[in-house]
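By written order: A, B and C. Residues from 1 in each chain.
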Amino acid sequence: MERRTIFSGWLLPVVLVLPQLALTVVFFLWPAGQAIWSSMTRTDAFGIRTMFVGLENFSDLFTDPLYLDTIERSVFFCAAVAALSMGVALVLASAADREIRFRGLYRVLLVWPYAIAPAVAAVLWILLLHPQIGLIGRWLNSIGIPWDYKLNDTQAMLVVILASAWKQVSYNFIFFLAGLQSIPRAIIEAARMDGARGFFRFRTVVLPLLMPTVFFLLVVNLVYAAFDTFATIIALTDGGPGKATETLVVKVYRDGVVNLDIGSSSAQSVVLMAGVIVLTALQFRFLGRRSGGG
Amino acid sequence: MNGRTDWFAHLVLCLGALLFLLPIWLVISGSTLDPAAIARGELSLVPRLSGLGVYASVLTQGSPGAGPVWRMLMVSAGMALAIAFGKIIISVLSAYAVAFFRFPFRMTAFWIIFITLMLPVEVRIIPTYTVMSNLGLINTFPGLTVPLIASATATLLFRQTFLAVPDELFEAARMDGAGPWRFLRDILLPVSAANIAALFVILFVYGWNQYLWPLLVATDPKLDTIVIGIVKMIGTETQTEWNRVMATAVLALLPPVMVVMLMQHWFVKGLTEGDK
Amino acid sequence: MKRRTMLAGAAALAVAPIVVPGARAQAGKTKIVFWHAMSGANGDEINRIARDFNAAQSAVELEAVFKGSYPETQVAAIAASRAGQAPHIVQVFEVGTGTMLAAGPAVKQVWQLVQDTDAKIDPKSYLPAVRGYYSLADGRMASMPLNSSTPVMWYNKDAFVTAGLDPEKPPQTWEEFVPAVQALKAKWASKSQDLVASTSAWLTWIQFETYSAIHNLPFATKADGFEGLDAELKVNGPAQVKHLQRLLDMSKEGTFKYTGRDGTPDPVFYTGQAAIGFGSSSGRADIVRNAKFNWAAAVLPYDPEIIKSPNNSIIGGASLWAMTAPKRTPAEYKGVASFLEFIGRPDMDALYHQDTGYVPVTLAGYELSRKQGYYDKNPGADIAIKSLTRGTVTVNSKGLRLGRLPEIRNIMYEEIEKALQGQQGAKQALDNSVARGNVVLRAFEKTAKG
């Protein structure tokens, strides 16, 4: 993942990177540092009595079997959401990339749902899936399929995965389409001339060229699934039934914003940050090797 | 020869479009219904034409709990545009620096940018608020937008795109005597047009849909964005005018959808340039 | 360059409306900021109160600001307080009371405010069940009650008729309740897949917190937490286990259906899908507007073998807290006090009660509403008050004073949902709740003691 060719000089690049770096330091690094500090304290919500407790918050977390379950559940949830939303988006983007009629219309139809605000999306899913008042929920029950995600672990998980993935399909679609369109037609035509067909052509010619997009989207989707889905989950299942749909960030939100357990929720944030660092480092490694030093 | 596969592509796309249209159509038709019917879950896929007046009413008069929609649309537009442009400019510059230059602590800078942006506002409310307050940015427009402008994802995307630019292109530009600025303006930006367009859509929507951050830093009702407006309309422990909420949600959708349509042009432009 | 002008234009567009307000109020007036969590029509009602207050006097100008849901409003106020920019008044949900009481110098409790400003706020003018929740163990008021409600039992009279039950005689005890829902299931709910004989919103608040209160059973030791941070949960007592077992049995035989946490089950009653729906008294407006059947409200049933005459039910809702900030002046605190006085006036209390469906928090407000004929015109609207004034207020029915109560409720939901799915028994569910809840209480105790 390194370029061989570069411009010389270091002043210009430093100036270029400075605005972003400054914003990052002020609005993210500084607060993140405070989060790390709070993770090692026991403090009340108002910060009146603060006591340094070292790693106690962390040891409390990792000796709690319920927290370990939540980690496992979150990994499954993130993988499922990323796979589902990227898979569906790739299929749709490949179809929309073809030179067919109404292509522009299809694209608009597939992209604009991205604009729907999360606040509205959550209400929408309740109106659709709620076992008693939801359109689809009632229909399922009326045809004899017992649908009750309020009291069924598996269905609850399914509901939050579907709702979370749905929200992200348009996003992935936009990037897959942009990625597909940046592949020169000539290459695909050449492959077609060589007799490469359908899925084989896609796998051997298109997919490798699409890898930068796939990589980018994988990171974004995992981060999305891990961090940006809690509003949906809280609105739909509130983490229940039991703990069936409680993910790490649902727990951070609940402990931090609702219970105001600042020490523990900061420790959980730090665990999450560490997770993201490990994950992305691994991916950089892996993809760096795969694409032969790009 | 492509007849059968095209037919299949149409089928896939129609199904996909349906998957998205159905829920949103539900909102559109819901906005014309009787609010009590919606609360009872008696949604219908057939809009009631006589209920269309609700649109004019929410635009100019507002709804219980929130002001007129047109003003909230303006605030949202200002915020979304500032965030989208700010993010793209800053990310292009920093990604350009990371991808095409060598400078001390280059990768450190990249990692700092990348890692620390992963925690959403919801999770670090208290420290972030303290920082904003120390800087005197509470209840100001910069306070509303600036913290949302730094973006790891946009930087990462541009870095990926820039890395994919063939070395030959770079060499050719250097032969022509192009300096860093000209190279950026004449080569890199056009090559990334499709990505910029896509990002603009994403970032505009991102800015448009912000909720918790504006809620925290702004206390002036005149700074209400459309999303805050929608949340304000959904009543706590009181009846909610669901048709008004839905009409507002539909109106809130229009500007981002217009942005999408506009950007279609750039998507296509990216395509034709790829052909050359 | 075009981009820059567009950007500047966009910024100017959005900045323009901000610069003017938010600054100082009109000359000479003390400005008071009030953060609340009321949206929709109830949000407008808060704005109405602010307008009325500003019109009624000339010394203070109150600005009411919506800050999101209850948890969002509370965390915003805490973040602001830590940054030295707390609002003057913040609305906090009842389960956040423990947290606010542990805030020490960050808040000014009502009794302190009265001391400092000579405000005329008499605790005795408030309904005991309301006042108790927001007072210290010795009776001094900590925060000012605003929107309050209490659990009631809504029932569908038409369904009662179909099932051969007397619609004017809802079950008063659980002994009567069980056969009633069996009849409702057999003769009414059997008509469609959609229908259930009974359901309950706010399962933890109604079936455990309030159930314990009306039966004079402790939910936690130390007078439900009022007398010390070292309280321990007692909700796994034999009576509560028996009650959960009853709910599990009814769920199994299909006469009771769990339909979600907190207020999410409310629509199940007013859409006509449940013949009996336990819910908050504040749900009345929704029922009035949406229910297409005859309905009525009743006080919660009780178990006569545990208590002969049940206690008052406990409240839910929110109260107002006065907050401190580094440069806050005596004039500002005086302004806060005058606002709290204002909303406690009988006419204001009665108006708010009648506009919103929350219960009147003062005895005089209730009397005034009765004199105005409100309960004659709105039959059943006084069930909540009857429920709150039933029996005498004991240590077990004052309310709960537990830190991190939202988390304890959450734990109970989790354990009970597991029991409802058949993954564990009633005793196990409540034992687990107590064990896990006590861990939360100990953690809170440590932070509150420092």
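The criterion applied here is as follows: contacts are C-beta pairs under 8 Å (C-beta built on N, C-alpha and C of every residue); 3 or more make two chains touch, one makes a residue touch a chain.
None of these values were measured; they are calculated from a predicted model.
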Chain pair with the higher count of C-beta pairs in contact (A-B, A-C): A-B
With chain centres set to the mean of the C-alpha atoms, which chain is at the far end from chain A? C
CA centroids of chain A and chain C: separation to the nearest Å works out as 35
Chain-centre distance (mean CA atoms) for chain A and chain B, in whole Å, is 16
Considering chain A alone, which of its residues make contact with at least two other chains? 132-133, 138, 256-257
Per-residue multi-chain contacts in chain B, two or more chains: 40-41, 125-126, 130, 231, 234
Where in chain C do residues touch at least two different other chains? 72, 75, 78, 82, 267, 271
Sort out for me which residues of chain C touch chain B in the complex. 3, 6-7, 10-11, 13-15, 17-18, 21-22, 33, 35, 37-44, 65-70, 72, 75-76, 78-80, 82-85, 87, 147, 149, 263, 267, 270-272, 280, 282-283, 285-286, 289-290, 356-358
In their shared complex, at which residues does chain C touch chain A? 71-72, 74-75, 78, 81-82, 99, 102-106, 193-194, 258-262, 264, 267-268, 271, 273, 404, 406-407, 410, 413-415, 417-418, 420-421, 423, 440, 443-444, 446-450
What residues on chain B touch chain A, complex-wise? 2, 5-6, 8-10, 12-13, 16-17, 19-21, 23-24, 26-27, 30, 38, 40-41, 43, 90-91, 93-94, 96-104, 106, 109, 112-120, 122-128, 130-131, 135, 146-147, 149-150, 153, 155-157, 160-161, 163-164, 167, 170-171, 174, 180, 183, 194-195, 197-198, 201-202, 205, 208-209, 211, 226-227, 230-231, 234, 245, 249, 252-253, 256-257, 260-261, 264, 267-268, 270-271, 274-275
What residues of chain A sit close enough to touch chain C in their complex? 42-49, 51, 131-133, 138, 141-142, 150-153, 238-243, 254-261, 263-264
Given the complex with chain C, which residues does chain B contribute to the contact? 36, 39-41, 64-66, 71, 74-75, 77-79, 81-82, 85-86, 89, 125-126, 129-130, 132-134, 138-141, 144-145, 212, 215-216, 219-223, 228, 231-241
